[in-house]
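In the two complexes that follow, chain A is the common piece, with chain B as its partner first and chain C second.
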Partner chain A sequence: MTPLPYLQFLHASLPQVALDVAALIVLFTDLAIRKKSLRLRFSVATAIASAGCIVAIVLLLTAHSQVNLFDGMFVTTILSAHVQVAILALTIVTLVLSIDSSFTEHVGEFVVLVLLAVTGMMFLVSARNILITFVSLELLSLALYSLTGFDKRRPQSAEAALKYFLFGGISAAFLLYGFTLLYGIANSTNYAQIGAAVGASGLTPLVVVAMVTSIIGFGFKVAAAPLQFWAPDVYQAAPNPVAGFIGSSSKVASFFAFFVLMTSCYGAVGGSAAWENVHAGWVPVVAVVAALSMIVGNLGALAQSGLRRLLAYSAIAHAGYMLVAVVAHGADSLGTLLYYVTTYSVSVLGSFAVIHVVEESEGSDQLIHFNGLSRRAPLLSMCLFVFLLSQAGIPPLAGFFGKFFLFAAALRGADGSGLVWLVVLALAMSAVSLYYYLQVLKRVYVSEPPEIRGRLRTPRQMLTVIVLLAVVVVLAGALPETLVRWFGMIV
Partner chain B sequence: MLAYTIYISFFGALVVLLMPKGSRMAIRTVALLCAIAGFALALTAFVQHGTGELTTVALAPWIPSLGIHYHLAADGITLCLVLLTGVVAIAGVLFSWNIEQRVNEFFAFYLLLIGSVYGVFLSYDLFLLFVFYEIVIVPKYFLIAIWGSTRREYGAMKLAIYSFVGSAMVLVGLIAAYVVAGSHSMDLAALASYRYPLHFQMWAFPLVFTGFAILAGLWPFHTWAPTGHVAAPTAASMLLAGVVMKLGAYGCLRVAMTLFPLGLSSWGFHVLGFGSWRDVFAVLAVIGILYGALVALVQSDFKFVIGYSSVSHMGFILLGLMTLNQIGITGAVVQMISHGLLAGLLFGVVGRMLYDRTHTRELGKLGPMNLSRALPFATVTFVLAGMASMGLPGFSGFVAELMILIGAWRVSPLLAIGVGLGIVTGVAYVWRAMQKAFFAEATTIIDPHPPAPITLPEKLGTGLLLASSIAVGLYPQMVLRLIAPALNTPLFSGLHGGGW
Partner chain C sequence: MTPLNLFLLLSALLFSIGLAGALTRRNAILVLIGIELMLNAANINLIAFWRFGPNPEALTGVMFAIFSISVAAAEAAVGLAIILAVYRHNKTTNLNQIDTLKG
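Moving on to the complex of A and B:
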């Protein structure tokens, strides 16, 4: 037996190590300054954590070696490195936006949990082995459960966390069950070997069960219908930065891992979701999940009176659109998926930042508090305008180009233009989505502001970040060439 | 230079947004200057451009890895419509001179709308065209929802959703066309020269055509139009009826019919007497003409009369397109211009001159106000515009409707009879509205608060629109010389197959 290359592993996983070192420093530093003001503590913790993330980004971008250690347990490629960079960048934004929060006194623990979740995401992205996929998914999930319940002043926060935890636990059990079957089939935990074994066995009942449970596990993670029940509660009750975090970085990692899992483990039993030419396999199952998510998400969002719940349902809908890329699983599907999920994440983070500002001033995210916002905070409103219209898919914003890019790739995918029914459904549903996004913007721009309220105070660093995010959304949509090339290159 | 129509409008939108809220006069002036600049550029191009053939205005790589270019080009049809946009844009600013509330936002949305409309007309890359086409939806919504009147939020939302559904249909067709043609290019000429399989064109054509036609007020998808027009502030309804509905008709002609000409061919079987999509859309267009005219005949709200008359007039355009002969399609383009000018004028009279002064649009209430005495200018304007829109010789409407009538006759006398009935009903509803609003039995009581006199900006706007309509009516060659060569370019070869 060859000695295990631990030193090489340590070297390749330096970015993750950097994050965890940063986490430890945060913990101790916060202990030292725990008597100081909350804002200072958040600022210091954020600075250290961001520094850790930046170090990790630099390490990722400078490392040129591509390694595959321990039978696929830890794989670094240019692709995984760039996905990790995107996750880290979104995390930095999340952290900076949380500086003005006051939901907890346990600043150190909060930031540490965020960093641990990110570590989980990074391992998830570099895993090509079901064991590590499961463990890193659990690391991510456990951190998110506790983060969701972090706001002890609000009972709903604890309720949402419990709900999230219970649903998450069950779906993790499903996933694990499926993975054990996979191990039974392939006698290996490596994706490639599982893929070969599944290909050899064909679509046996055992494979079907494993496949369905995998879809359940990840469908829960990305909040796809019918596994979406946790999402509205969590989005509504989790502390604001956490809701943004769940809606952005975690989405990127989960979608990437889902795509890789489905295409490499079940590559041979895809089947087809083409209209009038459906073949059994995971593709039609995911297609149904995608279609359901679009319908449930968009119709559910119509009935919401709070912006956070509205965004939760719209997140379900967007998960449906993104699953179209998984269904297509063609050569350029992953690139379009990554473009969509990262730009969508940016607009989600921005929306939650705006909600944060409004909540700090008005005490709730109810839509009525957004009445006349454009008169009280013109710049902030304009940013919200950009974020929401981007999600609705209005050009020249990133959301529109994402849809175009994704759906064009979907029609070029494995099933060719047979997927046109899914694209038609997606676009029809996005017409529904315009209604509820415009309902929000109507309050912001059309309704009269409450009389006694003056201008809305927005912390300066917060406003700067929000404006930057809006600029990113506009530029990514209006001048997408760089990103398109980039995603084309790394995939 | 023509590309600057877009840039000036967008830049102007930014400038008025950043101007201090109090300086209303300055904001209006900037908006007016932007509109005039756009008009001047359009006019220069219109005059200089003798042949009407396609010329590239701007071409730069945009997303080269997907074959998408920033490609603006103009042919004769484009030039006419760009000039129309310029005229209506100026008139719109002049007719919204009295906006007092949130002025800078109003003109920012206004200029954003104008810029995108220019963009749609000038785009030659379909991705770019679609981008501009969808941007239009946003300012339209806010212009109506914020500054509108009767049921403005409902009207605005209805309009936005209808437009968005239409554009979603278009997007499906465009993405499919792009992928089927090999994903190399979104250029109109490149896609139009690709030979799509017949079965593909058979579903893609009705999808894209209907998608665009929703915005052109095709019956039975027209219901957004009357409510939207009624709810909109004057300038927005002028733009809406004047140019935005033309975007739909333009898209039908420029995109749906050039990309999928075989979609118009015969199915090979008959359902309820329909043998092709062409039959279906032609009949829907005629229904639109008659339905719009008949409904306009019984409205009591003055703006609804004009709103439904727009549906009727837009039906002429769609019918003209479905004749598939040169005279019919040319007539359709002339009708786009004509209706753009006249609808703008009619909405200007009803929305600005009457409603802003009397605060009512009920024909029954306007009658006793003795408006022909109180507001003689408005009366004369309405009489002239009404005559023009009935198709009186000397005005643009006559030329357009005559050409469409001839075109329709060549296809089927039955259609032409439908059109004729529509024209007659058109005379009736204009006459009725004119009679009820302006020349009703005048009460002898003198109104103690006579309406404010017509202002100079209103007179200028009126003059501009009327003069344009008369110019086209008296000298149609002005636009025909540009339209004919444009229709003979290879772009339309799928329709005429080498010669009309």
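Moving on to the complex of A and C:
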């Protein structure tokens, strides 16, 4: 038996180690300054955690070795490093946006849980082994459940955490059950060997059950219909930075892992979702889930009176668009999916930051509080304008190119031109989405403020970050090729 | 019927019982117990596939089962903490009465 390459593993997983060291330092530092003001504690914890993230980013960008350790348990490629960098960057923004929060006294624990969730995401991205995929997904999920319930003073926060946990627990059990069947089929936990075994056995009942349970498990994570019930409650009641975090970084990691799992484990039993040419496999199932998500998300968003719930339903709709890339699973689908999910995450994070400012001053996220926002905070409104229009897919913002690349890749498709029906549905539903995004912007720019209120107080570092995010959205739209190429490498 | 099939049937039964419990029970703790049953069904699968698989020397199944047991324990801990937090606010663990978030 050859000795296991632990030193090599330590070297390759240094970014994750950096995060966890930062987490420990945060915990001890916060213990030392726990008598100080909340803002100072948040600033110190954020500074340390961001330093950890930056060290991890530098380590990821300077390491050029491609590693495949322990039978696919830890795989680093250039693409996975780039995805991890995107996740870390979004995390830094989330942390900076939480500096002015007052929802908890337990600053150290909050930041540590965020860092542990990020560690889970990083391992999820580098896993090509169902055991590690499951364990890292649970590390991510358990941290997110606790973060959702972190605001102990508000009963809604605990209620949302309970719903998130119960739905999540059931879907995790489905995922694990499916994974055990995969292990039984292949007698291995490695994606490549499972893919080969599944290809050899074809679409047997065991494979079908494993396939459906995998889709249930990840469909829950990405908030796709009909597994979306937790999303509106969690987006509404979780502490604001947590809601942004769930809507951004966790989406990036889950979509990447979902795409890799489906294409490498079930590559041979894809089938086809082409109109009038449907073959059994996972592709038609995911196509139905995608179509359902677009419909449920966009129609649900129309009826909302709070901006957080509206964003939750629009997140379900966006999950539908992004699943179109999984359905297509062509050579360039993964690159376009990553471009879409990253730029979408940036605009969601920005929207939640704007909601945070309004909530601090008005006490809730009801749309009525956004009336006349442009007179009270012109710069903030401008940024919200950019974020929402980018999500709606208006050129020249990043969201437009995201949709453009995604749908173009879907039309080219893996197997010719079968996905026209899905793309047509997605385009029609995008038109619906324009209505509710513009409703919000109409309140911001056209409606009169309810009474004479002064200018909105925006903390300076918050405003800086929000403007920065808006600039990123505009730039990613102006120079889409750069980012696509960054993500465009083969796995 | 081979022993492997019997074990798979048992685990499928256990999984279904757990799912039925998780979906029909109104008490949050009983839902949690249902989820634990579902996770344990997966453990039976792992051990059965390992024991009756082509190379039991590899111990992959056992390792997977150990990991899944510890993950299930962690999940129960987080779940009970969340249920406790809800109970502090609502004085109940009945899911029908925890319904302030709607829409």
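Going forward, the second predicted complex is superposed on the first by the 486 of 491 C-alpha atoms of A that agree within 3 Å, B and C clash if a C-alpha of one lies under 4 Å from a C-alpha of the other, contacts with A are read in each partner's own complex, and residues count from 1 in each chain.
The rule is short, and it goes like this: a contact is a pair of C-beta atoms (placed from the backbone, for glycine too) under 8 Å apart; a residue touches a chain by one contact, two chains touch by 3 or more.
Fair warning: this is a prediction, and the values are worked out from it, not measured in the lab.
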item	value
Chain B versus chain C as contact partner of A:L427, first or second or both or neither	first
First, second, both or neither for A:E481, with chain B first and chain C second	first
Partner chain in contact with A:P15 - chain B first, chain C second, else both or neither	neither
Chain A residues touched - chain C or chain B, whichever exceeds	C
Partner chain in contact with A:G270 - chain B first, chain C second, else both or neither	neither
Contacts of A:Y183 with chain B and chain C, given as first, second, both or neither	second
Contacts on chain A seen with chain B and repeated with chain C across the two complexes	none
Chain A - residues contacting chain B, complex	389, 394-396, 400, 404-405, 407-408, 411-412, 417, 420, 423-424, 427-428, 430-431, 434-435, 438, 442, 445-446, 479-481, 484-485, 488
Touching residues on chain B, where the partner in the complex is chain A	61-66, 127, 130-131, 134-135, 137-138, 141-142, 145-146, 153, 157, 160-161, 164-165, 168-169, 171-172, 175-176, 178-180, 183
Chain C residues touching chain A - in the complex, by the definition given at the top	8, 15, 18-19, 22-23, 28, 31-32, 35, 38-39, 41-43, 45-46, 48-49, 53-55, 58, 60-61, 63-64, 67-68, 71, 74-75, 78-79, 81-83, 85-86, 88-90, 95, 98, 100-101, 103
Sites on chain A touched by chain C in the complex	131, 134-135, 138, 142, 145-146, 149, 152, 155-156, 158-163, 165-166, 169-170, 172-174, 176-177, 179-181, 183-184, 187-189, 232-233, 236-237, 303-306, 309
